[in-house]
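As written, the chains take the letters A, B and C, and residue 1 is the first residue of each chain.
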């Protein structure tokens, strides 16, 4: 029994499993940036201990891009790459591929919409390592695509050190991604992740075999992978499917199904009402 | 067949599942601090490489509180909050809520009693990230309770970065907690953890649903959660229960039971002799 | 049906489960060091952003040992032990126990041979935290063996902080070890790991009970442990066995068997052709 979500201004048959799109309550880039600044201003007033940090990270910047760049560069800074080098690398990426910034905005909306512990945009931007890790991955992915593979690998390594999230730079992610808690997430080289996907901590999108070609999973739009889920090999998790914590998925799952167990078995066939 | 533990000086019917209490072999705060200083002195003599670190962390301080404060502030220091700011925050917390220091002492006794790899108090204080993470959480929890929520969230984020342990500041912990190895532990907003609880690494006390109200587990006194256990939703793990590694618990477990599997099934009914 | 691997120059009946040995395509120490320098030179030319890092880590050093020492000391540096202290400690270890350097070379070959995402030696040396963690453990293990236990424990703690890998300094590892992704690996005090073992992230070689004596697993040569596998207690995983992701092993597995599940059950009896 299909019960489509009904949101004013959005066609009745829209479901997150159809991919990312701005919803009526979503903010534009300028609106988000304005909101972020308001939150930061209020927090700096209420909590002077954080004022200097909020100024250097947000209030001292003239745009969302510059603030995001500063935050990521500081997290990634290490003896391998200094923050000044990183600021330049990230600035170039944002210019060459503006969709990276748009994806970051979609990811912020996803945090705000889908993480009950998130009620401020600044929380996501400043404090969620899953959000920061995925934005850094988008930069590594762009560099990989341009053939700057060793720089991409250096970033992957530093992302793993700093955020405990190991994503191969070649892996492809859609928009509206939520990596909740994030510790221990591992995503392999040929994995493809759709829009509006939520992954809890310790999720593995792993390889099987060492052959060439696709050896990692494809995760459809709107999928939810619980804590500690492993999806292994060239399998497809269909749009809108949900996989319970601790499950191991080694074969395809149909759209909108629910699966649990080691190995995962389908406990509910596809239904859009899920 | 109930076989209560018999400890000289402790009533015959005492069991860790009744909650934390000092046992005859436990040391007072002054005795622990004396012991810590003796251990540090002996280690500084035997291993001059560590002498400067032991002096700045322990031997140079006039009390247990000051040493613990210095150690935690140095671990948490980052561009978000400098160690000088952290020392002041922690000092105020310890003054406003002295039970935080008492809980730290109970946690040290728990490490010493229940972790076979721990035979010095300094080992726990200086080197166990699970111990350090839980003390930092106690500070974040105190700040959260006072309404300083963004500072609490900033600490939660830094605890996750530094110790790979993500505990929502609102989560409530008892005394005598052992987070062994600790990597990847995640505890949600409305979780309640009793006294004398031992959790191995990768344990998740996770939410189900996004509704308001209690959406995370309650863990009774004296519970043992093995490596990689997930307990999900508003369920109760009864006092003294044990859950085997890799299990996923989605329904209540009775006191003193033993459960294993995905999903967890009870393999032994409650018995205090466990 | 046993189908031995046939490699020119290696006896037909050689299998990784017989232990580590140099294979015809393996490089000598001088050849690896030459290769590392060539890769670093080429990368520094192609990616000037990394040139300074590659010079300080590799090109500025006169030997493999000195480069490896510099890299590990920089990763481990913290207020507990400064990089200058660490360089001296590591230098002494390499002199006293040259087999540590040989094991590092065998581990590099293992990465190169068995990790499809590794096609350069520099990738392993500079960017793989699993490789770096195991080399640091070898140093902690050497110090433990010499009775410098608190220094070994300090290193264990720092390895857990820096690489999210917690290996007790007393645990024994063979050569040709691959810790792939590595986040969350935990290995207990009395564990013994053979040659040519591959472990994915979140693998636990854990204890059962708190008694004295052997309370952790023995892992035979050539074993593969998938992501999130827990092997618990004094059990033996036979040579060449494979354990599927998310499995919990609590009893012995025969050589060359394949096991999966919670608890793990054998799905394929031993066969050298696996």
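By definition in this document, contacts are C-beta pairs under 8 Å (C-beta built on N, C-alpha and C of every residue); 3 or more make two chains touch, one makes a residue touch a chain.
These numbers were taken from a predicted model, which means no experiment stands behind them.
Where subunit B touches subunit C, the two copies mostly use different residue numbers: shared numbers make up under half of all numbers in play. Overlaying the C-alpha trace of subunit A on that of subunit B calls for a turn of 120°, given as a multiple of 5. For the pair subunit B and subunit C, the distance between mean C-alpha positions equals 30 Å. Within subunit C, the positions touching two or more other chains are listed as 164, 183-184, 202, 228, 246-247, 262. Residues 43, 46-47, 49-50, 53, 56, 74, 114, 116-117, 120, 123, 126-129, 162-164, 181, 183-184, 200-202, 226-228, 244-247, 260-262 of subunit A touch subunit B in their complex.
Those residues of subunit B lying in contact with subunit A across their complex are 79-81, 85, 89, 148, 150-151, 153-154, 156-157, 160-161, 164, 166, 168, 183-184, 186, 188-189, 202, 204, 206-207, 210, 215, 228, 230, 232, 246-248, 262-263.
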